[in-house]
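The following pair of complexes shares a single chain, chain A, combined with chain B in the former and chain C in the latter.
So, the complex of A and B:
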């Protein structure tokens, strides 16, 4: 009887957005009279930080700091339609809609600035700090604050824009299954290292090294929180969770966090995250949706590591100590 | 976390002002100081509490429902049964033309899973609603139940859901969604080795911090405002409009700040019945799942079974892959026909295989209806595929990581569903994992690229 060590690898990809498309999202952007920008949506922030990312996308597109953008979302009386926050679609779909709306608003903003500065709009650029400058002559400039005031009170222009993003729906061909499920895919490769106690069947995940390719990390800190959380969830899925612990008997399912088995802080592995960015052709600034896929590769990586450690395959989730011990017993008998 | 900027630097525009910057989240201070308002922070004078009377049986005919004692319970204001729901039989994906309608808001004549909602009690307090619920008498005739997908698919199995007429979802392609690419039997005939293996999973819970729920307020103008933690505002509004046969213009949904979803809040369960309660009583109504309901009543991830048969050559090439996937929808469709179909699109995984055969089934059993959960249609498939890859590598005596390089998809490769691969990055992820985990692979693999030469 001993503690045995093993490691396993898994490599995966994951589609961004609703399978087969057909999932639209709209956005509206308008400027307040003093040059703050309001983004109106009906998308839902699940806690992952959707509002923050939409603010950064709008800010980058308009050319203002992120704290000049306000997100008003998920009121069906004011926000235009969004299919919803699921299928790793929020950043990709709503982000594209926000860019389109913000571009239209930016164009009006530049036109008003051009009138104020008596130049062509195409000769203007933003400095990202709230100012509009003449290209090549940055001493000739106007603040976005003043442009918004002028647009509203003097020029009678609405600095606003409408955004829409739709991937047309694909219908699978009946006999061959020819179809277009998604326009871009995120990728991952995970190596997990485990210790298995061959007396108790208990698995300790020592390290999880995750490499994720996510198109573009729009906010690296928020990417990190989502990827680390996902990696933990993957370990939980692999080793702990079931709503029917005695299936096919369906009694005694967990009804609270005391009964429903999940890893505690002490059960979580040393987690390493490395991010690669291959911008997607149709993502906002190249972003893909990493929300779901980041919890997937740990499950097979842990399963493969358990085999590497003790030489038994557990092909049924979760990989419980009981299943490992039963398999070891069969292995010893043969 | 580290960003490895050296990969794909030629196709990426760095140096933007706001994008790529680790800006602090503007909503974090509210979250960590308890100032963020969630739907349940709404409290209205005279608000009623809704509690469900649920089926204790996995499969049963309802002979009678007697609510007379419950109605007399102090604090009870209204009791709802199937006949009170204008359009009681619904299915949420009808919005994207995936029918038939197969589920009841409140059970009508039959229950098909243990925990199914039968009677809704509206009372002045949560306790009164709970106590009155215990006084509802339902006379059941217990029917045989089926909890296993293979059993459910056998001739003579108990029929779970009459709206389907058989224990599987009928796609336009037949009993399963199919993908056919190349000639899989010819591939097996040519293979040096064949490996067929079966993988299974259990349902799991989303475990969000905030349980599913809503608070509904009738407005003075004949409209209803529903404060909700749904993941999909208009999806829920439009389904509610169908179930209540109420114009969408009468409905106002407010949400967008949610304490964790993971797919558990894209079913439309609490809002329609709470709005109906508000309509029939003229009072605000809240319906919030207890932790027990969240864990045992709300849809889990589907149990799945995946059978993979592969033909592999001694040099490491996979020449044929046949996958049969089964998704256990439980008693009702919800999002499962979509999930099973997503699986068909995902297989054979991120590998280029010339001969592929995929069948994915959505199966009905008397288990708790499953639905969306982070990665559904793919997560369990990836578990099966990647354990299978490990087994194949060991079968031919090859390093598992090197084996994946040999089969990895690259730009331009044709996928089984007949789309050319674009934007691949699997090879680069594996190269970086090789370095990070100190798992060396042959130099030729480290020199590979997802870009094809000349592409």
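So, the complex of A and C:
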């Protein structure tokens, strides 16, 4: 009986979005009378930071500072349609919709500015600080504040835009079954080191090293926090969490938080996160969906590490001490 | 059923309420007094989201009866900022990206405050121990541990 050490590696491809009769998200953008921009969405910020990312995307497209953008994700009764914040689709689908809406709003904004400055709209550019300048003659300029006032009170224009991003439904080919169920794959690879006590079946994750390829990180600090949390969740899925430990049998399933195991702050593995940025062709500013995929590669990596340590394949999650001991018993008998 | 009078100070302000006997402090704070910074997560003392400070000690407000708090001095996360300036712990949680959905954050900050009040320069192990009664679903804890250590450093620099 001994503590045995093992190392496992796993790599994953993970899609963005899904394929249930099409995957649409809609966005609306309009300016306030003072040149702030309101983005209306039905997509929900769960804490992953969608409001911040959508504000950055809108601001970058229109050419204003991020703090000039207000995101309203409040209400599916009144907001434009979104399939929802799931399937790692929020940044990608809503982001593309916001870009389209913001482009349309920007065009109206430039047309109003062109009338005020008596130039062609195509000769105008934004400075990212809230001003519109004539290309090559930046001394001729107007603030977006003044453009919005003019649009509202003088020219009767609505500085607004509509955005709709749709991944159409993909049907399988009858002969081959080939289809495109999702788009924009993110990638990840994890190496996990574990110790397995072959007497108790207990697994301790020592280190977990992750590389994530997530398109472009639109907000690197927020990407990092999601990946750090996701890596921990992956270990939690691998070793701890279940509502039905004997699925499909409900026996011994937890009924409340007391009986739902998750690792606490004392159970953390030494964690390393490396982000590779390979901008995606169809993502907003090259982004992909890092949401769910960041909690996936740890699971097979831990399973492989357990195999490396004690030579048993656990193919049911979570990898509990009981499952390991039962497998060791079968191994010893054969 | 007769209501029970309860009087205590909340973040330095006198509060008086009539509550049903058996009302939890969490319910009294959130639904009677309107301080919604303590969160009701599990309502059975497991998750720590409802943590408040009573007479300097960390307490689970979901397991504390309001009527036992007569004369107590109660502190919650909503009372930490002074004159619009965030408490060093709140600042550190922001700077360390230690919050995502935010539901555990007030309880985490209360637990961390009691730790730093007693142990201004804690080790990582002491931080982990202090946070061990609080569950977080999003962050993986590491950013929270780092935030508490960061707040401790900021405090010791201010004191120096």
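Rule of thumb we're sticking to: the second predicted complex is superposed on the first by the 317 of 334 C-alpha atoms of A that agree within 3 Å, B and C clash if a C-alpha of one lies under 4 Å from a C-alpha of the other, contacts with A are read in each partner's own complex, and residues count from 1 in each chain.
The rule is simple: a contact is a pair of C-beta atoms (placed from the backbone, for glycine too) under 8 Å apart; a residue touches a chain by one contact, two chains touch by 3 or more.
Keep in mind that this is a model prediction, so the values were computed, not measured.
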Comparing the two partners chain B and chain C, which touches a greater set of residues in chain A: B
Partner chain(s) touched by A:291 [first = chain B, second = chain C, both, neither]: first
Partner chain(s) touched by A:76 [first = chain B, second = chain C, both, neither]: first
A:47 touches, of chain B and chain C: first, second, both or neither? both
Partner chain in contact with A:168 - chain B first, chain C second, else both or neither: neither
Contacts of A:258 with chain B and chain C, given as first, second, both or neither: second
First, second, both or neither for A:266, with chain B first and chain C second: second
Which superposed partner A:243 touches (first chain B, second chain C, both, neither): first
Partner chain(s) touched by A:231 [first = chain B, second = chain C, both, neither]: second
Partner chain in contact with A:188 - chain B first, chain C second, else both or neither: first
Contact residues of chain A, present in both the chain B and the chain C interface: 46-47, 49, 221-222, 224, 228, 230, 233, 256-257, 262
Chain B residues within the chain A interface of the complex: 1-5, 7-8, 11-13, 16-27, 31, 58, 96, 114, 147-148, 172-174, 177-181, 197-205, 207, 209, 230-235, 237, 251-263, 265-266, 291-292, 295-296, 300, 303, 338, 341-342, 344-346, 349-350, 358, 367-368, 372, 374-375, 377-380, 382-387, 389-391, 400-401, 404, 408-409, 416-419, 422-426, 428-430, 432-433, 436-437, 439, 450
Sites on chain A touched by chain B in the complex: 7-15, 19-20, 22, 42-47, 49, 51-52, 55-57, 59-60, 63, 65-67, 73-77, 79, 81-86, 128, 169, 172, 174-182, 184-185, 187-191, 209, 211-213, 216-224, 227-228, 230, 233, 237-238, 241-244, 247-248, 250, 253-257, 260, 262, 272-281, 285-286, 291-293, 295-297, 299-301, 303-304, 307, 313, 315-318
For the chain C and chain A complex, residues of the former touching the latter: 41-42, 44, 46-47, 97, 99-102, 127-129, 131-132, 135, 137-145
Chain C-touching residues of chain A, taken from the complex the two chains share: 46-49, 221-222, 224-226, 228-233, 256-258, 262, 264-266, 268, 271
